[in-house]
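Step one of this worksheet: look at the structure below.
Labels for the chains are A, B, C, D and E, by order of writing; each one numbers its residues from 1.
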C-alpha cells in the first residue's frame, strides 16, 4: 500500500505525464502505422466524442451505466465478503460449497444472460445481477484466501480477551483479511466494468455498454472507441476514488504488514 | 491454505456429494420450475453430450481450447509476475506506468479483438494474446499487492546477508508475495477460461468457445449448455490440478502465515 | 483449579512427528503463581497453549475448575511470547487495550479510566496514539501486558512477558504484577528463563526437562515471604539449586555440540 | 570504523512527529565490542537500524570505514530483535543458514561443513528440518544467530540476540560469541537490557537516555580482563554504577506513573 | 379507451425503418397501441429474451426465425416479412479476386450460422466453384474489415454496412465482388408466439400493429429525410450510411410467394448443413391471419412443406 497515499504533487504530475505519453504514442501509432480507420487516433476519437458530450448523450449513458456498476459491484462485494468469511472459517461449509463455486465461477456474465432474464426479466434487476455475477466470485476467492491467512495468534488473542465468534469475524478476521479483500475488489472492479457490456445487451436503451454494442453492430469505429475510452476512464476514476477511500478509511488495515 | 491438502477421503466424498446435490437441484428446478427448453435439465444436456463425446467432437474442441488457455494463462501469469515485482519494487516505474495500466485493464478481451487481429492476424497467436490479456492484469494487480506487503525485515535481512537486488527479488520478494500471486492466478484462471469465447470468435473452427458461439447463433440450447458445462468442468479440473501442484511444490510459501 | 493429566503433545513434522510433551502432570491451585523454568525449546509455550485451550493435547486431559478445557475461554488470558503477532496492528495502543473492554461489555463510562490506569502502569501513556508497528520490542510487550491485565481475568498465562524489558522496567513490572495479584487473587502461570524472576514471583517453580519428550521434572515450593531478596542466603541457595537442576540438560547439549 | 555524527532520527507519527534520537555521537573502533544499554523504547533498535543503513538519519551522518553509509551493506550483518520477522518462513532451519552462504557465493563444497558447525554451536542441529513456524521463540533467536555468524561478516549489529534464551544457553552463547570474536576480530555492536551481559561481553558500554530525544549519555570503558566474574568486587561495583546510571530515567518514569 | 400495451423487440438497423416512422409519427398510438420498443444487438440476443416469455413481437433475420421455430418446438409464428433485399448482402474481396473462380484455394470468412453462410453456399454453387476447395473461417462481424485489409482472408460474405465500411477502410485493397442478387435475399421478419396470437387480444394487437407498420412503411419508402433524421438521432448514422441501406430496402409487409421461395431455399440449405432436420411447414411457421385481416392480397397460399 506504499503508494496509496503518494505525494500528491509528484503523483499528479507523473500520472498526467504517463497518460500524455500513452496518448501520444497511440496517436503516432494509429496515424502512421495502423490504419486509422481500424484504430482511430485519439484526436479523432475526441472529435467524435465532443458532440456526444455536448448533446448530453454520453453523460446520460455514463450515469446510467455507473449506477448499474455501483449497485452490482457493491452488492457483489458485500455478499462475497460475508460469504467468504463464512467459508474461510467453517471448514465443513467450505468443503461442501467449494466444488459448486469452483464450477460456477467459470460461467461468464455473458453466459448468465439467459438465466438473468428468466430470474429477473429484462429490467434493471437483471443488469444488476450480471454485474453482481462479474464481481462476486473474484472477491470471494480473495476473501477466502485472506481469511485463511489471518494470523492465528491474533484470533487467539481476541478469543481469550473475550471476543465471541461474531466479534472475531468482524473485529479480527475481516480486518486481517482486508488487504486481500481490497485487492480482490480492485480486480473485480475491472470485471464489473466489463460486465456492463453483457448487462446492456439485455434490452437496454442507454448506457455505455449499449453504446458500444450499437456502434459495433454498425461498425462505427470512432464511436466504439469513444465507448471503450469512456469505460477505461470511468474505471480509472473509480479506481482512484476507491484507492482514496481505502487510504482514508482503511489505511490502518492495509499498511501494517509493510511497516515493521 | 488450510484446505489445499485436505484429507483425501473426506474431501472426495464431500466434493462428490456437493456436486451431486447441485446437479440434482438443477434437474429438479429445470424440470418442474423453469421451462426445460430455456434451461435444459442436466440429463438432457448429458443426452446431447454423449454423441458429441463419442464422435470425438468434444474431445477435439476441449484439447484445442485447453492448449490455448494453457499457453495464454502461462504467459500471462509469467509476464504479470515479472512485471508486478518490478512495479512493486521500483516506485518511479510504478508511478509512471500505473495510470496506463489502470486505463488498460478495463478493456475486456472482447474489446481487444480488433487490436489482436491487427497485431497478430487471425491465427493462433491472436487467440493466445486474448487469453493472455484476460490473465495478465489480474495477476499483475495481485502481484503488486503481494510485493508491497512483503515484510521489510525479511528483505533487510536478505540484503545484509549479502543478497543483491535480483536475489532479493527472486529469493525473498516473490516467495513472500506467493500467497497473493497464487490467489491472483486462481482468479485469473476463471477469466482466462472466459476469454476462450472472445478468442474463438476469431476465426476459430474448433474449440469450446467456437462450439458455444455456433450453438448460440443457431439457438441450440442443449449444445450451449454442453459447451458451458464443459468449460465449468475444465475450469474445475484445472483449478484442482493447480491447487494440487501448489500444495505439492509451493506449500512452504503458502502456509507460513497461517501457522504461528 | 488448572489441571493437566498425562498430557502428551506430538507435532506433525518431517521426517518424523516431534514429541514435545510426553506425560506432563500439573496442578495449579486457585490464586497461585506457578513459574515454569526450562531450557529453550523444551515445551513451555506448548504447555501454555494447551492450558489456554489453543492446542488440544495429543493424549491426556486438561481441565479448568474441574471442567475439561475444549477451547479458549475468556477466564484464561494468554500473554503471547511473540508480542508483535498477538497485537492488533490496525489498532493503536489505546485501542488495543480498549478491544478487551469492548468485547467484555465493560460499561463505556469506565473505559477511559481503566485504559489510563493500565497504560500508566506500563508507562505507555505517552505513546497511546502509536500503532504496534511504531513500538519498540519492549513497548509491544508492555502493551500486551496492559491489554491482558485490563480485562482482569481469573487466570493469567504469561509466556516470558518481561523478556524484552530492561532490568529496571522489569523490576517495576514485577511490583505491579504482585500488587495486582495480592489485591485480586489471580491464578498465574508464568514462563520465564530468568531464575531470579521465578524466585521473585513464584509460589512454586516447575522445572521442565529438555525436549523432546519433555516433562515437568521437578516442582519446588517456595515458602519464602515476599519481597524476596537475592542477597538473602536462603534465596541464594535456592538459586544455585535451581541452576543445578537446569544444568544437566545444558551439559548434555554441550557435550553433543563438542562432537 | 563505525561513526555516528550528530545523528537525529524523527519518525512521522500522529499527532506530532516523534524524535527518537536527537544528536547521537558514537565511534566504534575496528574489532571492538560495544554494548548498548538503555531503557525500553529509548531508541537502541533505531540506532542499530541507522548503523545498518536500513534507516536514513533525519540529520547527521553515518559512516563505515570512512565511507558514508547509504544503504545496507554486506559487511554489516544485523541480528533483528524480532527474530520471527527476519527469518525466511519458507526455508527450514538448515536452508535459512544456507541462504547467506549461497548469496555470498561461498563454494558449495563448504556449505555442509559450515552449516553443521554453526547449527551445532547454537544447538539446533537436531532441528534442522523444522521451519521457523515450528520453532520456539528461543530457537528462532538461535537460528538467527547461526545465520548471521555463518556468513562471517566484519561487523555484527546485534539487537538483544539472547533475550529469549534461558540463563544457561545464554551463557554458552556468550562463550561462543567471545571465542569467535577473539579468533576473527569482528566489530560488534550489541544491544542488551542485561547489565551483566553487557559487562561480560563489552569493551565499552554505551548508556542511552530515555526517549524521546534520546542520546548516548555516557560511555564506560571496561578495562577488565576476560572472563569477567560478577562476584569480583571491581565488577560488582561497576554493575552498581551502571544500574545507578540507568536509574534516573526509571525514577522519572515512576514519578509520572504515580500521578 | 385505454391503449393496448405491447412490447416490441428490434435491432438498431436501417431495415427497421418502417417501424421507426410508425413510432415517430404516432401511427401505433393512432391504432390504439402503446408500444414499448426494446433494442437488441442482434436477432439472436432478442430471441434469448423472447424465449423466456418477454416481449410480444420480435424482429429477427431469416435464419434465426427458422432456427427458433424448430428449437422452440413450434412456439413461434412469423406474422409478416417486413423487409428483404439482396443488395444488403455483399461479397467484399481483395483486389486480386476478380471473379468467383479466383476464390479457389483461398480463405473466406463470414459469421458461421448466419445468413452469410447461406450466401456463401449459394454463391459458390451457382458459380460452379467447388466448395470443398474453399476454406470458410468463422469471424465476428467487427473483425472482418481488419482481417481483409490485413490480408488474412481473400473475401468475406456479410450484410451491410460492414461491406461499405471496409471499402472506406482500405479502398486500395478491397472491392465489392458482388451482392446477393440472384443468390439469396436477407429478411427482416416479425414474429410472435402462437398462443398469444390465438388469444383475442393478441390477435387484435398483432393486427393493429401490422396495420400501423404498413402505414409506416408507406412513409419510410417515400420520406428518406425522416428516416435519416431518425437514424442520425438514435444511432448517429451518417446520412450516407443510411442512404446506402435505405436504397436497397424492399418492404413487402406480406407473406408472398417470394418469401415462400426464399425460405424454401433457405430450408434446403439448412438441412444440407444439418442445421435443421425437417422441412419447413409454412402453415405452422407463419400466421397469416393478421395480414389477411388487413388485406387478402398480402398473403399468398403457402407451398407444401419444403
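Just so we're on the same page, a residue touches a chain if its C-beta (ideal position, glycine included) is under 8 Å from a C-beta of that chain, and two chains touch if they have at least 3 such contacts.
Everything numeric in this text was worked out from a predicted model, so none of it was measured.
Asks: Quick one: which chains contact subunit B and subunit E both?
Replies: A
Asks: So how far apart, in whole Å, are subunit C and subunit E when each is placed at the average of its C-alpha atoms?
Replies: The mean C-alpha positions of subunit C and subunit E differ by 82 Å.
Asks: Please work out the Cα centroid separation of subunit B and subunit C, and write it as a whole number of Å.
Replies: Distance between chain centres, rounded to whole Å: 47 Å.
Asks: Using Cα averages as centroids, what's the distance between subunit A and subunit B in whole Å?
Replies: Taking the mean C-alpha position of each chain, the two centres sit 17 Å apart.
Asks: Can you list every residue of subunit B that touches 2 or more other chains, as numbers and ranges?
Replies: 38, 114, 118, 151, 153, 257, 259-260
Asks: Using the touch definition from the top, which residues of subunit E touch two or more other chains?
Replies: 51-52, 142, 146
Asks: Residues of subunit C that touch two or more other chains: which are they?
Replies: Those would be 82, 85, 134.
Asks: Which chains touch, pair by pair?
Replies: Applying the touch criterion to every chain pair yields A-B, A-C, A-E, B-D, B-E, C-D.
Asks: Once bound in the complex, which stretches of subunit C touch subunit A?
Replies: 52, 54, 71-74, 76-78, 80, 82, 85-91, 99-100, 103-104, 131-134, 147-148, 151, 153
Asks: Enumerate the contact residues on subunit D facing subunit C in the complex.
Replies: Result: residues 11, 13-15, 18, 37-41, 43-45, 81-82, 84-85, 120-121, 123, 125, 127, 129-130, 134-139, 142, 160, 163-170, 172, 193-195, 243, 246-247, 250, 253-254, 256-257, 259 of subunit D touch subunit C.
Asks: Contact residues on subunit B for subunit E in the complex?
Replies: Residue list for subunit B touching subunit E: 35, 37-38, 113-114, 117-118, 121-122, 201-205, 210, 213-214, 216-221.
Asks: Give every residue of subunit E touching subunit B within the complex, in rising order.
Replies: 44, 47, 51-52, 64, 67-68, 71-73, 75, 109, 111-114, 137-140, 142-143, 146-147, 150, 152-153, 275
Asks: Across the complex, what residues on subunit E touch subunit A?
Replies: It comes out as residues 9, 11-13, 37-42, 45, 48-49, 51-52, 54-55, 141-142, 145-146, 149, 161-162, 165, 168-170, 235-237, 241.
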